[in-house]
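Down below are the structures I want you to see.
Okay, so chain A shows up in both of these, paired with chain B first and chain C after.
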Partner chain A sequence: MTVLRRPFVWVIGAVLLAFVLVPAYGNNVELRENLLLAALYITLASSLNMILGYAGYVNFGSIVFFGLGGYLCVWLMSAHGWSLFVATLAAGVTVSALALLFGLGILRLRGAYFALATIGVNEAVMAFVANFEPWGGSSGIYLSPELFQPLGGPARALWTIYYLMVGVMGLSLYLSYAVKRSKFGLALRAIGQNEDAAAALGVVTPRYKAAVYSLSAFLPAVAGGLYFFKSAFIQPPDAFDLQLSTEAIVIAMLGGQGTVAGPAIGAFLYEQLRGWLLTSPAFSHFQLVIAGTLLLAIVLFAPGGLMGWLYRRWPGLRRILE
Partner chain B sequence: MGILASLFDGVLVGAVYGLAAMGITLIWGVMNVINLTHGTMIVAGMFAVYLLAGAAGVPVYATLPLILIGGFLAGVAMYWIAVHRLVGQPPLMSLLSTFSVNLVLIGLGTVVWGTDLFNVPVSLPGLSLGHYTFPGTHLMAAGLTVAIAAALYVFLNRARIGKAVRAVSGNREAAELVGIPTRRVLALSFGLGVALACVSGMLIATMFPFTVLSGDPYLLKSFVVTVLGGLGNPVGALVAGIALGLLEGLATPFMPVSWTPVIEFVLFVAVLIAFPGGVLGVLGLRGTRPH
Partner chain C sequence: MSALLEVEDVSRRFGGVQAVRALSFSLAEGSILGLIGPNGAGKSTVFNLIDGVIAPDQGKISFQGADITAQPPYRIARLGLARTHQIVQPFMTMSVLENCTVGACFGRENLRLEHGRQAAREALLQVGLDDRSEMLASQLTIAGKKRLELARALAARPTLLLLDEVLAGLNATEVEHMIAIIRAIRSRGVSILMIEHLMQAIMTLSDRVVVLASGAKLAEGLPAEVAADPAVIEAYLGDPGLADPRHAGQP
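Up next is the complex of A and B:
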């Protein structure tokens, strides 16, 4: 088991264990909801990081995967009676396949043009879904409470969803790590540094870019399925909320784009900061202002994010936290 | 007649979309920075006219020069704070920095005004043709747009500073070598781009109601227009804006309004993929930035 000899795999394991054990101790529901959001943010940011941090392509519309996954899962469950597990998996696979198709088209664009196209894709899909009657149009889909019965009633189902979300988070961290260590990840980082040079060295750039775009769609789509099953209802503005995509970018930058641990730490910090800002009476209205100022400061003065700063301070850390 | 009236109104509104897009295309063409505060600066223009005309009692159309100057100063300030260090770096960095300024502005806007709907009442007689009356505000907005576009064209092609803007857009290093203070020219271009956004917002506010969050649809329309009209091409922007307005006017009688964005964004992505240099660029209307 060579995989177990790498310290970072143990770090992921320890984080997962903490996520599983801490809220279960004393049946702490409030903490569980808090950590569920953290797990969701980590999944979104880690997946985004594969294309943003490794390949250097800004995806402003990564939330389209989350929303489509949510819609597919909710629709399969409510209209066709599929079980949660099958429906989320089917949603993940379908959205990944769609992303591959989209990716082959829009990844011919570079830099800023690609970034704009991703906004266009998200808005086009949202506008389409808002008019698509089988998915309830602009009023969305409501799930009947009976769908919670196979999971042992609402109270048990919420715990099951939480554990599944933590599992998805663990997968996203491991995937992000495995991609970074692989030849595939090396090719992606070569594209991120200089795409023409990478192509000249024999990296088939369109294929690699489409592959990572598709891969970065899978886990957000699964997470979307879980999240909207939990809410028991889905509407276009919630599913395709550009603000959540941009929060994912802030998170990846805050922690350090291109590192595996960065987006996870960034997500955790951002979640805590957001929770604190929302409850603090003086700052609750200034949440966006503070997030914006923070991001501007990072972009202007510390483009490496938190991990960049830590690596400079303790170079040995690179071996443990990738 | 119904369809003709709808098309004509589409042209009037489309011209204003063109004006909005000129702001974004100018900045993009000159310094390869996409100004994501553009939508919010359009909204800033809307609230400027609301406050100046409503609270301070300035006649609605007399606010235009004030908003132009205010927008210019705001743009220059924003350039030095958030953009200057990032010109020439990968587009990710300036996208993120203008995005974060946008978050701050939106945050402040929602604190002050919430998300309520505002409007600027303008009493301007309309133009009646047969059974149809074209709103006076739409005619006035289109007329002012054409005047501003013409002024911008003359500025870029005849004025000394305007020529400097085009020189920096073509090749910044060469421009620096012949003695053009490129940093100041970049700041000026950014200010000009933001001023255009604010003025177009002011004109839109005379036509439609708005909220603090109204900027996004106009930002996206500006992208569509920029991509259609070609980068850094003010004339292309005006033509493409009118084309977009026509498309909306054409679609309105035939399908529910909620489908218009679907068509717009599908068109946007399709055009982006098919003609990365802009449709009008292919037809031979070149911009200030050769591709």
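Up next is the complex of A and C:
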């Protein structure tokens, strides 16, 4: 297994192990909830990073994948009695296919126009869902507590969901890593640096852009399924919350877009910061202001993010943390 | 010799400017064709028309007998046509080797990543950049970036190479070096269409020369014939009559 000889695969493994073992020790439910959010943020940011960091396309509406995945999964379970595993998988595949269709359309746009179009996609889907009766329209879908029974009741189900989310996070990190090292990743990075030059060298730019847009939809959709199953409730404003999209961008930039470890470290740091801000009496209302300021500061002073800074200080780190 | 590239009656207008006007020429397999002309004659536009960056308003372009008119650049690149840009377009934050690997992996041979890397190393060796393969492209000097631009095109192992002013901005030693590289490329059987302002270089390298002025073909032939053509001299230097001693002293 040549894969196991790469240091970064071990780093991913160690992180997963920590996520699995630490909260299980002493049945620490509070820590588990905290880490579940971190795993979700890591999944969202890593997936976004493939299109934002590698291909250089700013997707402001990446949350649409998360929301649609959540809706599909919750609906398949409540209306059709599908099991959680099958429903999340089906949600992931369907949302990826939809993203491919959207992508072929809006990826003709570049720069700010593309960014605006992604917000448009999210808003349009939200408006559609809010008026789509089978999905409960604007009042959304509630899940019956009975749906937790097959997973051994609510208490055990929450642990199962947590482990699944950690698994999804691990997949998102590995996917991001595997893509970066592949020929596909090489094409994406060439597109990100200079799309016209890439096309002149033979990179079939429309195909690769649509493929990464679709790929970046898969795991967020699965994570959306898990997340909203856990909430047992889904409603358009929660599912298609642009704020979460923006946060995913802040996270990817904070950690270092285009790197594999960056979005993960960024997500972890941001999640801790956010938790602290939300509970501190002085800052609880300013959480987004701080996120915005952070984004500005990164763009202005450290476009490479945390990883960019680390690489400059210790160039050898590139070999361990990609 | 059969024609590798055939440009037939191609025109392109940008707003009020007729950039290329009913241009026809052909390039024989294995040869070097020089494309010269004063600034603004439409040379780079011709390159952009051939490699699909812009579509002609009329006319037809064929490569290896196949019609490639208005095909997207990536499809044309896959057929075996590679180019360099007048203003170099490296992938700045990728390494020199990665830059070339893009050329190798997505060019004519559509190589897998490992094989692409090998082809990229060979191309870097060919242009003498092999000792800088792990540097970022942004860290190269201008001469280095020009060579990288060429190596990236070569890594695709093209049948036809379009060179857009690869000698511009280089010092005398670097020009010598680059000319030697171009000769070596041709000796491997790659056909070349090149734009160049450096007359001496293009006259010694080219088998045939096409002269453009105001988007139209002014002259075509062997380098020596073209250099002696009065119309060409006029396009470059102005009316030779003006330099006639009989007019000296007159306003």
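Definition applied: the second predicted complex is superposed on the first by the 322 of 322 C-alpha atoms of A that agree within 3 Å, B and C clash if a C-alpha of one lies under 4 Å from a C-alpha of the other, contacts with A are read in each partner's own complex, and residues count from 1 in each chain.
The rule is simple: a contact is a pair of C-beta atoms (placed from the backbone, for glycine too) under 8 Å apart; a residue touches a chain by one contact, two chains touch by 3 or more.
Here the structure is a predicted model, which is why all the values come from computation and not from measurement.
Participant: By the touch definition at the top of the document, which applies to A:Ile119: first (chain B), second (chain C), both, or neither?
Facilitator: After superposition on chain A, A:Ile119 lies in contact with chain B alone.
Participant: Quick check on the superposed pair: does A:Ala232 touch chain B, chain C, both, or neither? Answer first, second, both or neither.
Facilitator: Neither: A:Ala232 stays clear of chain B and chain C.
Participant: Which partner, chain B or chain C, is in contact with more residues of chain A?
Facilitator: On the superposition, B touches more of the residues of chain A.
Participant: With the two complexes superposed on chain A, say which partner A:Leu244 touches: chain B (first), chain C (second), both, or neither.
Facilitator: neither
Participant: Counting only touches as set out at the top, which of chain B and chain C does A:Val204 meet: first, second, both, neither?
Facilitator: Touch partner of A:Val204: chain C, not chain B.
Participant: Does chain B (first) or chain C (second) touch A:Leu143, or do both, or does neither?
Facilitator: After superposition on chain A, A:Leu143 lies in contact with neither partner.
Participant: Go through the superposed model and pick first if A:Ala178 touches only chain B, second if only chain C, both, or neither.
Facilitator: A:Ala178: touches no partner chain.
Participant: I'd like to know which partner A:Leu288 touches here: chain B for first, chain C for second, both or neither.
Facilitator: Touch status of A:Leu288: first partner only.
Participant: Inside the complex, what are the residues of chain A that reach chain B?
Facilitator: Those in contact with chain B are residues 52, 56, 58, 105-106, 108-109, 111-113, 115-117, 119-121, 123-124, 127-128, 130-131, 138, 242, 246, 249-250, 253, 285-296, 299-300, 303.
Participant: Quick check on the complex: what are the chain C residues that touch chain A?
Facilitator: 51, 53, 72-75, 77-78, 82-83, 85, 89-94, 98, 101-103, 105-108, 110, 112-113, 116, 152-153, 156
Participant: What part of chain A is in contact with chain C in the complex they form?
Facilitator: These residues of chain A touch chain C: 182-183, 186-187, 189-190, 193-194, 196-205.
Participant: Which stretch or stretches of chain B touch chain A in the complex?
Facilitator: 28, 32, 34, 82, 85-86, 90-93, 95-97, 99-108, 110-111, 216, 220, 223, 227, 256, 258-259, 261-262, 265-266, 268-269, 272-273, 276
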